[in-house]
């Protein structure tokens, strides 16, 4: 039950991009096609989960005992950036098509607030490791859901004539806003 | 107090070094060899991602450039000759000097010259109209005026003139990207050598019908009489299928042919006015 | 290469540690001051140091913190750090000031994450909601929102928050009456 | 419940004004213009030259490729020239122009009207006669019929389907033919069955022609294996794949031919033409054409020589009305608008419709409101709105993967669209571009 | 030839329906429900409808004329439908200035920003309504009492909708049997004698309009039927599991905006799927989300939200759910 | 390099938020009011400026391969410093901005400046760039905050302008996106003119 609450809360109610404003750069950057959006979602899922585990362990067994929690930001970002680079190198070798699709956006994961934000939140919320992992996975699913929905609407908009002034970023922003508006309906479910 | 400093320094450095080490190992294990020149070439390209080179974007073009042995046929319409020379230098390959070209429209059949014979009421696309029938005038070769070329141009260089219903090229904006040439279902547009001061002489007609038929449908059609061929001192004009064609590379802009044409099908543009014959100097539509 | 990175982290961590050392005390003080301010807001004038006399009372596994305020050694009121988890968006923490007889003297919101514009009307500077409590003794009236047949006018469209607020104040009062005998 | 196909279809106003008008024979024209490209496939090669004298029924152009057909003179007279003229396709194409003198028929032809029922020749010979007589599908596609009569190796024809649906509004040529030449049709069908080696033939007729259904049903008892089926009035009931689905509940796969599901479809006119070619030795040089339109004085069905200018047909129907806005060769759903009335009647000309100006202009186009009506009526299960939008924006991958090539150009989508979008215009553009892309990919 | 003949590609015949006729068909279908509202809410219903329709049409005109610089197409009736449906979604005592904001958001943000008719991914009227609901929760959730406040506009006597009563009561732990006494009977719900938004009351009138829409082939049955059946099944399961804590299916479909939503708003062309199969997925999604919000969420009513949420899925549904192609699966026999 | 241009480029033409769409999370997450937006902008300004300075000084000593990690460490240090200092001396604002202060470290805009500008330019240019871009970012956030506060609470910098509640949506997530959408449209128009 407690896990269901975490999952629904993270995916629908407090959706990381639509309600918490994290990870917006990739949300807007990589949502022009459903396929790439899904790829990005997968990448976030992987990096977010692993990053949360590593940072959780790091905090519990190193930073907290030594009473140097103030180093949280800097250590987390170090961990995340090396992790991202690792994924990039591996992906390039293992799946060139995916690497092509996500191309320049993999490095952007280092600068994706969602990853660092969730890592910090996991620790702030006094979760157990398992809860933390579920929290991270749910949030990345929430991210994927939002980015795929947005990508779907954007692909659809490719076949329409958006007015000149709104073309491009403005209309995508407004679309995201309306998406967030719709998602407010989930308020209070958990 | 100093404890904190020591702990901080030690743990942070430890994390840093550890991360670097793991990365290093992984990088070795999963090495992918990619030609570094691709990046260099991509940087040298204009980055407009316009697709004028018929590749999906500049990076793909860069990859193609690196891959190809002979790059003279690969051509970026936006890049200047210097750009291409730079790329050639990066790659150590030969590159052909690009002759500056410009698009010209080879139809001059405005409604006054070429009366309408029916009213077209389909979707407003030249390709659709041309797939349907010969067109809304008697001429089965001429411009349909529905602006396919205008929509194809990424550089805002070709527009349909409201009065004549014919496209007009703005020479300065045209990058000779070939997009309009491909778009036109009637093959009316040709890329021709760009002469000094944008001067041009060309036969503004592609009608291959017999003279009488062509003339009946359009007053400024080339009727294939061959008089221009005879006067050209440089053998630049050929006659085939009732149609004269001026080779832009042989033509030396002597202007002897234009006044010869009985239907004014030969256009001369951006020349100083002629003194003797007034009639031919009257610049017909097609000029900007 | 590794060396550079090593040097960078070295320098960074050293300078961070230094800044940390410098700001450690001000951060502690700032937090303390916020608490003191809240205490000052909710109890009558005092001249002791309530936060040095603080003690905690355990209720159902959670803790309420009591800060007795004294004027010249005599108890003039108690500030109680209380909370509820039933806010619209999680925990609401309040500082409730009670006079020795249990009458409410003042309430301050310490922390909450209610919706701006809706639930955040419980903040003292955002609406007069809290005034309904001041000067009344929870023993004498039903400290519940109207919807629950109480005497408190809720906050429109934020019944949940208002209800939770009452609950937290009630908790402070109950613990004060039952176990809060001031030493 | 009448048989029909399961998905899509529309029911446009029928306007079968000429259904009750018996076929009249139109006089031979003064000049016949016989196009060399009246069929699907390669144009024929002329075998006459300027100055030659010809008789009606004489071969004037030979099939030039596997998919091509012979062309015979429809009149007697002198070949004056072979020139490019605008024909019913809207293009300038080569045609043989004949100055008419008298009306002399080739002597091999039996001009008599008596029914010749007994079949004396083999299936293979039937096929050969069909080929010699230059018979092409008269249902609209003008595909050379003899090719359809040779079943490819490995395939087996089980049933012959005869298309008497005539689902296009206005047109009544097939209707009249079924009423007036029922016996010839039955013999023609029997000939086709023999050529194909099948035991069974089914005639499908839309139920708005009950007299034809009754008439043919009563005749069919005398012929073995032929059955008549009334079909729900639903455009495009007569489209080959839909008709097959309606009658034998089989779906011809995308890109495949009817023979894939063991059947061959021929139009009733084609069957009658086969009868005349085989039993009477008469090549295809005349056909029934419906000339109709709301403001025509005397609309009717006319037996016309191929090569007669359209203007003469309109004259026969009472002359060109004042308010004429559009002239259509074929039905209103699939027919082609003509840009000149001088275009000659060709083998595929089933009707000439004269529309008043008020019915000729398209209404103002709005944006697609995504009402899904086009999706729900497309008999092929396509998404016209999407193909339209993608073609307009040159997103050819979408156009291709969403199966633009399955579109049979029935026009139902354009018909139904409340926004009056020229859906089919763009879908055609998509079809031709995608075919080009596929062809260039194959190379 | 003086007049040139016209040449165009086939077909040369067109069906009778056009956008205008379809839109005014919807207006006509909404008429019975409108009359019911006027009967129960009186002047308020008239004012809210008039303001909403006029301002929606007006904003569309202004935006097209002055911002987009195109010829206004307000006569096609789609803005009027949006205005009407927005009004149907508002309480009948809503201040005029709030209605104006709602109309501006519906038309400006929800529709014209995307290019107007047919382009909008979200239902404009619902965008307007939800925007208002979140912006002005107080005003948007006080509903006038039917009949008694027919002559008052702004200071009508207000009360809670049946759904609010049930939701509030259940969260207090009051058994349902007791709560049912506080709400109008099912017959009243059916004819519309209850608190609620202007047009969501009166299931009967809405159904009559719906039958008209079906008969005119303006909508197909798939969306309404899939939504209603999902809601009946889902709430039926909950009800069967615990009849004291969950209202019965009948109550659910008669209260709140389910009828209005299922028949008129989920069926909005631009924002619903193109294929029957897609419509089923969409309808089931709306049903499930509606019940989820009603039973577990913060809001007593969830139809509007669930339609908007499923609107967001429509492009993906359209991309992956294709109509059955002719000749696709060859089951010949 | 023309320093005036260098300074002003970020305000409209290369505005990090409106044009380049970078650093969107703080831009939307912290701009519930003009003051919060301003505060976040200033915090970011400090980090951008300091990291630009440090990077441009040490750019020649940092080998290319470890460039990014080093920059990140440098930025993270300044972020932590900002965090600590704000917690010590600006408790209220610190509490309001919450998670978004540590998140400055991942703001692509900050790293972008270090990467794309400071690592290639002189100390002076980088300083100007840092101040200019930082101010532009602050301006964008303040504008967005002001818009949202105005519409959402009828107030500006905490001063109530009209009696009564505003449109709550603008304080919440959907309003943030929508407001930014229209601001970007406006900016695009300005850029063109």
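Here the chain labels run A, B, C, D, E and F in written order, and each chain numbers its own residues starting at 1.
Please note the rule applied: contacts are C-beta pairs under 8 Å (C-beta built on N, C-alpha and C of every residue); 3 or more make two chains touch, one makes a residue touch a chain.
Note that the structure is a prediction, hence the values are computed from the model and not measured.
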Contact steps required, at the very least, to link chain D with chain E come to 1
The chains touching both chain C and chain E are A, B, F
Most remote chain w.r.t. Chain E, using mean C-alpha positions, is B
When B-F and A-E are ranked by contacting C-beta pairs, first comes A-E
Note, CA centroid farthest from chain F's centroid sits on chain D
Chain A and chain D have mean C-alpha positions lying a whole-number Å distance apart equal to 60
Whole-angstrom distance, CA centroid of chain B to CA centroid of chain E, is 52
Taking each chain's mean CA coordinate, chain E and chain F are separated, in whole Å, by 41
Rounded to the nearest Å, the gap separating the Cα centres of chain B and chain C is 74
In chain F, the residues touching two or more other chains are 66, 69, 73, 76-77, 80, 84, 165-166, 168-169, 172, 174, 178, 181
In chain D, the residues touching two or more other chains are 90, 336, 339, 360-362, 367, 386, 422, 425, 428
Each of the following residues of chain C touches two or more other chains, namely 1-2, 5, 8-9, 12-13, 16, 20, 88, 118
Here the pairs of chains that touch are A-B, A-C, A-D, A-E, A-F, B-C, B-D, B-E, B-F, C-E, C-F, D-E, E-F
Per the touch rule, the chain A residues reaching chain F in their complex are 18-25, 28-29, 70-74, 77-78, 81-82, 107-108, 110-113, 115-117, 120-121, 165-166, 168-174, 176-178, 180-181, 184
Given the complex, residues on chain B that touch chain F span 16, 19-20
So, in the complex, the side of chain B touching chain C is made of residues 1, 4-5, 8-9, 12-13, 15-17, 20-21
Chain F contacts chain B in the complex at 66, 69, 73
So, in the complex, the side of chain E touching chain A is made of residues 67-68, 109-110, 112-115, 118-119, 121-122, 127, 130-131, 134, 289, 292-293, 296-299, 302, 304-306, 308-309, 311-316, 318-319
